[in-house]
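Some structures are shown below for you to check.
Each of the two complexes below includes chain A, the first together with chain B, the second together with chain C.
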Partner chain A sequence: MNLTLKIWRQKDAKAKGKFVTYKINDISPDCSFLEMLDILNEQLVEKDEEPVAFDHDCREGICGTCSLYINGRPHGPDEAVTTCQLHMRKFKDGDTIVIEPWRAKPFPVIKDLIVDRYAFDKIIQAGGYISVNTGGVPDANAIPVPKEKADLSMDAASCIGCGACVAACKNASAMLFVSAKVSQLALLPQGKTEAKRRVQKMVAKMDELGFGNCTNTYACEAECPKEISVENIARMNREFLGAKIGGNKKEK
Partner chain B sequence: MTKLNSKTPEGPLAEKWRNYRSNQNLVNPANKRKLDIIVIGTGLAGAAAAASFAELGFNVKVFCIQDSPRRAHSIAAQGGINAAKNYPNDGDSIYRLFYDTIKGGDYRAREANVYRLAEVSNNIIDQCVAQGVPFAREYGGLLDNRSFGGALVSRTFYARGQTGQQLLLGAYGALSKEIEKGSVEMYTRHEMQDIVIIEDRARGIIARNIITGELERHFGHAVVLATGGYGNVFFLSTNAMNSNGSAIFRAYKKGALFGNPCFTQIHPTCIPVHGDYQSKLTLMSESLRNDGRIWVPKNKEDAEKIQKGELKPTEIAEEDRDYYLERRYPAFGNLVPRDVASRAAKERCDAGYGVGPTGLAVYLDFEDAINRLGRDAIEAKYGNLFQMYEKIVDEDPYTTPMMIYPAVHYTMGGLWVDYELQTTITGLFAAGEANFSDHGANRLGASALMQGLSDGYFVIPYTMQNYLADQIGVKRISTDHEAFEKAEKESQERIDRIMAVKGKTSVDTFHKKLGLIVWEYIGMSRNKEGLEKAIGMIREIREEFWKDVKITGDITGMNTELEKGLRVADYIDLAELMAYDALQREESCGGHFREEYQTGEGEALRNDKEFTYVSAWEYKGDGEKPELHKEDLNFEFVEVKQRSYK
Partner chain C sequence: MARTGFYQSSLTKKYVMALAGLFLITFLFVHLGINLLVLCKGSANYEARELFNIAAHFMGTNVLIKIFEVVLFGGFIIHIIYGFVLQIQNWMARPKRYKKENFSFTSPFSKFMIHTGIIIFIFLIIHLFDFYFKAKIYGDVKEVIYDGKHYHDLGLLVIDKFQHLGFVIFYVVILIFLGFHLHHAFQSVFQSLGLNHPRYMPVLKTISLIISIILPLGFMIIPLVIYFGNY
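And then the complex of A and B:
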């Protein structure tokens, strides 16, 4: 396959970025999207040009490192995959492919296609866990968990924290990400104890970091490579409301 | 430093760890606040250790390469984690898990460490459940288990095909909790370049800020390396792209001995190589061998037709299929350990029975399981793996068998550590895949996650205190100290040197070339002649690399070519070390198969009389042959036998 690539190049956070066009030839349809970029980079190095910087690590759809806005869609045209799992067979010979970084205020560009997603870590730090220390916990089978609940919890826990939901949302809302963690823990008896506190702290942090509001367009669910359901958002809203009514106001 | 002291505690096997803890030194809470610990790595081992240290009251600084601690390579582990809970009531026990691990490792691991691992395995599961890890459950609400290779019991806990992800997110949660409290300072996108040693003790590190390119100095009373394995020395492996061997190799160059470098694991079930642009290999979890049956055609003519695309696997009649693992190993069948399964696949393919366009693949077939359990049941268990396969290969594994082939997956070798997980540099510890302990010459499936979390949650938080107890009087050392100055200068010079080469050949070209040599001569099977040849070839690559490598971009700011270049420089040296180690070990054991030493049936033939030891290599200077030290392994509690899975 022969392709034209329009790639966002930006030297660093402060620089002004721009699109640069590259031609690339003889790409096998069995090649992955990132392998195609590897080939481009090898060619750039050959020509003494700086390769395109992009984030990636596991290359099997689980670490959430890869990103990329491809032809206007986070993680490209294929359903339920990350960019690293996208294969060139989803494109046609002669196609022009536009490749951009995530565009969202809380995710500033670091270089070329790489953005800073530490805001997600900050939201988790605010309360996305169960506050137990190492040791002194009950036997794993001491508290039975209904299989349905455990399965739903696992569905929510599949979130890889890539940020596609934020990139897809016109408001740059992080609701799907936050609600996945809130749901995972709220569905388990182990996570119930501090459920109210957790949802309040995480939502407060999300707002503080400049993520937008959710206006129920569900673009996040449509673009999520792990098919995390918007039902989690509904569940979180219930948790959040419950926490307000339950009056956890003294909690800072 | 010829005598290696494992510091194994006295007493009966089952009491060693308890005795150790009863008698070890501890640090009182007020003093903990005065002590700083540096942890490199946020995989299972690093994240668990850092969170646990911080909970105890130490000051912790944590470093990782990725943009978030949650993205460490552990996230990619699929199949599961072992523990001796015996929930299924099928005869498991701590002793049996210990025994299986020692035997699986082909009697090349330290008994006391392995027993401790089996002992704390149960605490890990308790801990993870308390953290909210959504393990698979049965309808009664209790935890489900499945089987993995090398065991006759079901002791593997799992969270779909994403066990590593869930365990790591649990540890990441614990770490995040401590970051929020201010007891952990987190440094993402930082790569450790060197260890700083002051008066023979590890006292800090030099790290490169990946975004700015600046070198930074960080002090710690002790340093823990939890930097994972070095499988990427092969270029193609199942490891994440950022997994690397540099941190432990830098430590080796600073005087830490390197244990069993040639013990690498080739995993039997990976998606076969499909093109020379390929960047990495994808694992298909070992758990699939619970329900999948491995076969190749019985007749060579059929295999050839399949290779040419003239015949489909589904067209081959049952009686014309060779389920070679079930045939050769009736007791364990498709669940033999990885080294055995990998060699058997290679043997069939080398003999001309392989399938797929290259002939370098065998089938993993779910037809029977789907007929028996239904498609839904298979989908519930392995759905994400099947999807992953379909996306890569563009074939539907529900209707046509998967094609698989062995690939590099794990490194049993790593920094030599004693019972306390301390390296031969005082104050420098190694945890998780970065150390050599526990798995001997072959690791059993679902045991790496167990070891990472065991080291991180339940071992090093104790043993570290035994070391730090006599460090309470040591004031924080200023990073203006000449040792920091010198280490930073060395790191800078190394970077300057590689940038100055300005050659013509890209880093990846060198890496691929090296990888092919390592795969060919230090891979699944090895022999004297090949190893000697490999050493010569590796030396040539080194010479060429430092004459002709091309690093584009600047020294300041983000520069991925530079990052890769520095790692590949270490891989070249590490590959040579692996070859020395494979050459001196004139026996076959576990993942180390020397063609000269095999039984009449082609099984690995150990030489216990001469080789029941850990090889630990000491760096002797660039271009010098490293010196071999030996830690003799004494088997007091198990009888050393020829491994048999028949």
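And then the complex of A and C:
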């Protein structure tokens, strides 16, 4: 396949950045998207040019490190896959592919296509945990958990924190991520104890960091590589409302 | 981080927005119900426009309704202010836009709530000047007498207005945009308030679709029937 790539190049966080067009030829349709970029980078290095910086780690769709906003969609045109799991057969010979970094105020560009997603860690630090002392392994079924709750919690917990929801959302809202992290704990007995405080702290942090507000547009769900459901957002809305009405701690 | 006393979370704003919006939808149904009376032609028991004029008189004078009128204006103002505040925050959350964006599958009208909202807002002001303020100031509104009691012939005001084709088209077009707003709005309330359930969400979406057709269509009938009918 012969392709034209329009890639966002930005030297560092301070630089202005611009799109640079590259031609790349003889790409196999079985090549993965990141392998295609590897080939491009090799060619750039041979020409003594700066290779394109992009995030990646596991390359098997489980770590959430890869990103890329490809032709107007986070993680590209395939459904329910990360960019590292995207293959060139999803494109046509002669295509022009526009590759951009995640765009959101809380996700500043570090270099080229790499953005700083530390904002997500800060949200987790604000409340995405349970406070228990570690010790011996507890008995597996000492605390009964209904199967359906365990399933919903597992589904929410499959979020890999890649940030595609923020990238896809027209408002750069982090609601899908935050609600998945709230839900995975709130659904289980172990997470109930701190549930009211947790949801308020995580939402407050999300607002503080400058993510947008949810308009129930659901682009996040459509683009999530792990198909996290927007029902988690509704659950978080419910949890938060309950915490505000029924909780004795003030939102702060 | 220290927060000002006015800090309100994004979710709280959405709850307020949703409740105000839901209230506005109930208002639209009442408004439509009364407006349709203007189409009643006279019969043996009552004159043309009599039912409408009496209903309008009741709405304009009853104390309870007067109180509700304040609540209604409040509802509009809150919905509009919060709509703008949320939207401005949303724009600020993405200072640098994408070159190629929005190819994701989404619910279609949710992307344009601020645009349909602004259209409704502009219409609202024009609409208030067309009827509400005219009716309140009573400058050029004729009087009629039913059963010896004096009423203002507000129905005539409506019928006079809709003799002009431009006016009829303007109302019909705006109502289409109201439909777009409502299509997303009604079902969205339940998501925002966390009142969703996998079993009932499809039902709510269908109701949302029905509302977004019935309300605009109902309001549209009035100018169309007046213009093309013999009023």
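Assume the second predicted complex is superposed on the first by the 246 of 252 C-alpha atoms of A that agree within 3 Å, B and C clash if a C-alpha of one lies under 4 Å from a C-alpha of the other, contacts with A are read in each partner's own complex, and residues count from 1 in each chain.
Throughout what follows, a residue touches a chain if its C-beta (ideal position, glycine included) is under 8 Å from a C-beta of that chain, and two chains touch if they have at least 3 such contacts.
Being a predicted model, the structure only gives us computed values, none of them experimental.
Asker: Of the partners chain B and chain C, which touch A:212 in the superposed model: first, second, both, neither?
Answerer: It touches chain C, and chain B stays clear.
Asker: Look at A:95 in the shared chain and tell me whether it touches chain B only, chain C only, both, or neither; answer first, second, both or neither.
Answerer: Neither partner.
Asker: Mind working out whether A:223 is in touch with chain B, chain C, both or neither, as first, second, both or neither?
Answerer: second
Asker: Name the contact category of A:35: first (chain B only), second (chain C only), both, or neither.
Answerer: Touch partner of A:35: chain B, not chain C.
Asker: Between chain B and chain C, which residues of chain A are contacted by each of them?
Answerer: Touching chain B in the first complex and chain C in the second, no residue of chain A appears in both lists.
Asker: Over in the complex, which chain C residues touch chain A? Could you list them?
Answerer: 1, 3, 9-15, 86, 89-90, 92-107, 110-111, 113, 184, 188, 190-196, 198
Asker: Contact residues on chain A for chain C in the complex?
Answerer: By the definition above, chain A touches chain C via 6, 8, 19, 69, 71-74, 98, 100, 103-106, 168, 170-173, 200, 203-204, 206-208, 210-219, 222-223, 230-231, 233-241, 244, 251-252.
Asker: Tell me, which parts of chain B touch chain A in their complex?
Answerer: 48, 51-52, 55, 66-71, 73, 75-76, 85, 87, 123, 125-132, 134-143, 159-160, 162, 164-166, 169, 172-174, 176-177, 179-180, 186, 188, 211, 240-242, 274-275, 277-280, 282-283, 387-388, 391-392, 394, 457-458, 461, 506, 508-509, 550, 552-553, 557-558, 560-561
Asker: Which stretch or stretches of chain A touch chain B in the complex?
Answerer: Spelled out, the residues of chain A in touch with chain B are 11-12, 28, 30-32, 34-35, 38-39, 42, 44-46, 48-51, 53, 55-65, 78, 80-81, 85, 87, 89, 110-111, 114, 116-118, 120-121, 124-135, 137-141, 143-147, 150-151, 153-154, 157-158, 160-161, 184-185, 188, 190-191.
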